[in-house]
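The structures come next, written out as structure tokens.
Next come two complexes built around chain A: one with chain B, the other with chain C.
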Partner chain A sequence: MPMRRFTNALASPQAVVLAAAILFALVIAAFNPGFLSLATLVDLLRNSLVTGIFALGVLIVLASGGIDVSFTAIGAFAMYATMSLVMGLDVPMPILGFFVLSALIGALLGLVNGVLIGGLGLPTLIVTLGTLSLFRGALLTFVGTTYITNVPRNVISFARTMILRLENAVGQLVSLPLSFVVLVLVTLFVAFLMNLTRFGRSIYAIGGSEEGARRIGIDVARVKVWIYVIAGTIAGLAGMTHMTLSRMANPFDLVGTELNVIAAVVLGGARITGGHGTVTGTLLGALVITLINTSLLSAGVPSYWQKVVVGILIVLGTGLPILIDRFAKHRERLARAAV
Partner chain B sequence: MAEPVLSMSGIRKAYGSVRVLEEVGLRLEPGEVRCLAGENGSGKSTLIKILSGVVPADEGTVSIGGRTIAGDARAAIAAGLSVIYQDFSLFPNLTVAENIALLKSTAARERWHRARADRRLAEETLARMGVDIDPATLVELLPVASKQLVAIARALANDARVIVMDEPTTALTRSEVARLAGIVSALKAQGVAFLFVSHKTEEVFAFCDTITVLRDGRVVADGTAAEFDGARLGREMTGRAVETQRIERAPAPQAPPFLVARGLSRRGDYAGIDLDLRPGEVVSLVGLLGSGRTELALSLFGMVSPDEGRIEVDGRPVHFPSAIDAMAAGIAYVPEDRLTEGLFLDQPIADNINVATLSSGFLSRAALKRRAVEAVKRLRIKTPGVEPNVATLSGGNQQRVVLARWMERSPRLMILNGPTVGVDIGSKREIHEILLALSRAGTAVLVVTDDIGEALALSDRILVMVKGRVTGAFDAAEIEEDRLYAEVTKEARA
Partner chain C sequence: MTPNKGRENMAGKFRTALLGALAATAIAGGMVGTAGAQDKKEMVTVVKLSGIAWFNRMEEGVKEYAEATGNNATQVGAATADAALQVQLIEDLIARGVAAINVVPNSPQALEPVLKRALDNKIVVVGHEGATLQNVTYDLEAFDNKAYGEHLMEALAQKMGGEGEYAVLVGYLTSVTHNEWVDAAIAYQKDKYPKMTLVGGKLESAEQQQQANAKVRELLRTYPNLKGIQGSAGEDVVGAALAVEEAGLNDQVSIVGTSLPSVAGAYLETGDIDMISFWDPAKAGYAMNVVAAKALAGETVKSDDDLGVEGYEKVRVDGKVIYGQAWVDVTAENMDEYDF
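For the complex of A and B:
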């Protein structure tokens, strides 16, 4: 039955989002024939780098049944603190060092979340709302408020190194920077962690039933501390990636994009209630969110419309599967009656 | 005597000044099925928590498979103990295979997740139990009985030698209970010992070799099942003789019906239902889970709309688009699952009693409290006051709070779905007496239940529901228990 297959296909959030994205791309392509090209895809990848890295950290938190809104503040703090530290000490530092230092600072800030949430058992939304404000405030008060534009030469040269360069239909140059490797590595790490380790299964288990996890001997507090440390580390990497893309350290950046990232993860199939979510879905969600944000902009649609479209997509992507499920149950009931 | 696989001795436990357990001892040999019987509040749950290492004992020793467990849940699991909780504690978002394997891999502190090995372990374990469940299914999609089997498989996969089951048959139908009994006896032959925690007398005798009765934190009886009968078990659990027979009553008055239903049908749930509910009469609607009994009850309360048929109240046709309309007509409904549908657990007793009667815009705290205090006294709810949260009460007392709430409305028809599920024997009897008194004061009472003993003890008239149809109507004073049982469990006639 083709109808049945169609509704089944729409019964997962990823499918709805993918279908919407394809439809969306086709509409744009109708106005702008050059849109459907490899160049567009490369541009999309570049634009979704930071969202994608952040999203993978958020995925881990959502899978465990928690929520994190502090990760952008962690990213900004880690990135800016790393830069002012290195510039202040004025010692040569290999490019890898910038990422490692930023990741370590991110891990430390994540540990604060982890101790409050895992160690003291406080609610995740409240804690991360608090630390969002705390980390941002601490950054601006104690670390600095000025833009750092004279970034070290090796950072600039890293930022200029491209994996891929292409010309798009109208002759503009699009390129994929070397920092794409960060996304690839984080993706591999998170996929490995979530799918191939018992730790990853414990995260999903806690998201499914925290009490159940405790009863089978999972050390829930310890797992939670690690979740936020890892999410913080990933946020630190995302912050540094953002810095290399913009080639300057702006302490006011990133904060404010939390909901965009959380929306990407939810569109990718993770549930706010925990226990669900995949790496592929999350990356797909990040691409779709970026596609909407950038292509609408390039099509000359006012940026407020992006919010409208993203909002509709969230309601549709999470609501449609629920409605389809309800409809399927209703039909099942009628089918039982017919027997 | 064989070497015990589980032994507890001299267990004492107090919370503050409240002594919960006093000198409790228990032993279990391989292949033994023991029942731990006791009313709510007898100390059963605390004993299980100590046994499983979740809570340490103040004094006494617990040893499992020769190893001493002292307040360490992991050690208890590693020593071969598995507790299957009433809610099964499974992970709905994970597959059957993952659920089965996770306990073992956590206990063994494995580092890696091997999907294929998990699947193999699940297949082997389910095969050992003779159960056919697809290991790749998500647990949330399984029916309740299969979830329970997965929980047992999870315990076995971890080489459990003692399986503790808390109220294992609460959610099961007769045939599922029979299947569980088959699996338990097969595992018993393999040397697995079971501790059944229960207060349902029928299942105690159906499953168990030996019985330990706990009352007020002490072991008051211990022996083989053959030394007990229903009456003795009830007596030991409650400390007094419990009537299991029908409550004596004057015959129900033949008043004109309050509510009449004719030809009520809803596709997939029930068909061609005729009902007459009279003031002063208790009617039981007896049927198994899935017989359509709950849907029918909900239809009378406006929560589920029938496709066909009519309902009359006081001889006038009515239509209830919502529960509010049914309430306005004088109907009250006490749901099946009081914990999730019927009570605000973390709210005070007084608020829970008053919540259905709040209609005017202004509240008088003093008047509300007075009303709650009176209700508590009238229904003999055991509590120090009306301020504590409902969660602090035992099951029987929680159920009385629900009854009190609806009785405050002085309903003309009270529908109760499973009024004594999870309530111990002593309280059950008292709840039945409360309902009978309510009916004789002029309320029509409809009890929806699958507890045949309850229907016989409480009702004037019994309607049997099988596969969506009322297949029999009986005078409760005349029908025999065996006959009624046969009627309820028989398949629908084509």
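For the complex of A and C:
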């Protein structure tokens, strides 16, 4: 029945998030007419770059029924260690090399999580809370605490390269940096992984029921180790992207933003309990969180109130889809009872 | 340089290193000082952690003081900014019977008991960045937060020609010093520059450059006529400058704030940041020892006293707290003088 499919699509988490985002944008536009423009959208994409990349890594973990809070520490560690290594050795390094090195370091740190969670079967929240502190502490104690501001010239020119540059309503330049490509590539990779591979199906299976997954012959421990290695790799890429956007390496950055990212993924329809979550939803979630965080000012909401509004929107955004889902199930049951 | 001279230098360096190592062992072991050190009163500055640019710079000031006065003044610090390690260091110094301890506390509260013990042992204690410390002879602050905030606003107003829209950034809405600076600045603007208007309230950067950047881009979008930005956390002005540069508004927007040349240098050079301010840890290190020496000589420090250090020529004393006016303004012209 087409009508039924339409209401189903409407009740899907992505649709609710998208509707919420559009509604929110309309409300802002009512206060600030210049808001609805291509320039705003470009600015939004640029602001949600790092959140978006991190979110895709978190999606994989949440879909498997785990939770990861250590990814920001991994991102900061990988980014800063890469920079101090390259600056210390003083060898010319192509820009791709920075990303590859950072991704490798991220993968190694992710492996630590993976071994503890997959190999030893420890609870994910406890492990990643521990490694969050461990990685950050190790970074500040052994790698360094000073800001690296004299980053190599090719990093600066990479940061200055824009894919798109246009003027907004008030004549200011708005641009999309080349590092947007990183988000595109990570998106393609995660979408492929989650939707078109056996590995992806195993992740959802484990998230749905770990015991069930084991019974149908999935090597749960191995899959879990890989999940955290991949999440670590993505975190390493996010860290390096953040560095190119800042044009400096600050070891104190990123840590503290993890809840924002997790909120984005959950807003996007992934469930803390596992088994659910899509790439489209996650990206939408990242956009909405960034939109909320970076446009309340244009609607004239004072700083203290911004937190209140962000909180309310997150509760609504995550609660509403669940309520709609429950309501739909309830109606289905009624319909079945009527037959 | 001749090879011969090189060898001499090397031998000299080796000797210094050896002496340094010996001194380090003595400190680490908490041993009683050698007879030689007893001749002059020993004054030790305990910093939050050693090895970072800020406290290396402070050590230069302490050394300068030792050279200028001939007093036995040195600086120590743990490898990590840990309150417990700092307590240990001070306990060792008490056991060694030093005359004065200058301390930059990691956690003022955690140090109170051990500082009380130091005072009980007739040791002079001078704090820095610890206006809340109770168990000290004096506490030296580089400046009064209110005066500093007004100073920044004056600089911003000058750049803006005394009119137009401006915005302020703080690290966190809860960080006490940042809000004191900014509140004083806003009050000063309302009083002295009525043609200027604050827009957007206090913006929170979370002390993250990218957050400051996003906030300022949003700010520019909302208030396209914005003419000035005052930052508080070291990252604020950098994030703001990047946003202004990206929007192509370098000529329209003036940026001043607290930061360090090592953080903001690139943008000072291009002129995107007009001026940054901070206080020079070398001067603070020097001045702490001056205060300690005065206290050892039985003198008291009163308001309007001159400590003989730049920025501390006319101090204000409030209880045990001594305030200087020791902010340093850095622009593209003089940024090379500071390596931290």
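One rule holds in what follows: the second predicted complex is superposed on the first by the 297 of 339 C-alpha atoms of A that agree within 3 Å, B and C clash if a C-alpha of one lies under 4 Å from a C-alpha of the other, contacts with A are read in each partner's own complex, and residues count from 1 in each chain.
To be clear about the criterion, a residue touches a chain if its C-beta (ideal position, glycine included) is under 8 Å from a C-beta of that chain, and two chains touch if they have at least 3 such contacts.
Quantities reported herein were computed from a predicted structural model and do not represent experimental measurements.
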item: Combined model on chain A where chain B meets chain C, clash or fit; value: fit
item: Contacts of A:247 with chain B and chain C, given as first, second, both or neither; value: second
item: First (chain B), second (chain C), both or neither touched by A:256; value: second
item: Residue contacts on chain A - larger count, chain B or chain C; value: C
item: Contacts of A:217 with chain B and chain C, given as first, second, both or neither; value: first
item: Partner chain(s) touched by A:136 [first = chain B, second = chain C, both, neither]; value: neither
item: Touching partner for A:303 - first (chain B), second (chain C), both, neither; value: second
item: First, second, both or neither for A:174, with chain B first and chain C second; value: second
item: Following superposition on chain A: angle at chain A, chain B versus chain C, Cα, nearest 10°; value: 130
item: A:34 touches, of chain B and chain C: first, second, both or neither?; value: second
item: Which of chain B and chain C A:295 touches, first, second, both or neither; value: second
item: Closest Cα approach, chain C to chain B, once both complexes are overlaid on chain A (Å); value: 37
item: Of all residues in chain C, those that touch chain A in their complex; value: 52-53, 80, 173, 200-204, 206-210, 213-215, 217-222, 224, 235, 238-239, 242, 246-249, 262-263, 265-266
item: Interface residues, chain B side, partner chain A - complex; value: 54, 73-74, 77, 83, 85, 89-94, 98, 102-103, 105-107, 110-113, 267-269
item: Parts of chain A lying in touch with chain B, wherever the complex brings them together; value: 195-198, 200-202, 204-205, 207-209, 211-218, 274-276, 333-334, 336-337
item: Interface residues, chain A side, partner chain C - complex; value: 32, 34, 40, 43, 47, 50, 141, 145-147, 149-150, 168, 170-175, 242, 245-248, 250, 252-254, 256-257, 293-295, 297-298, 302-304
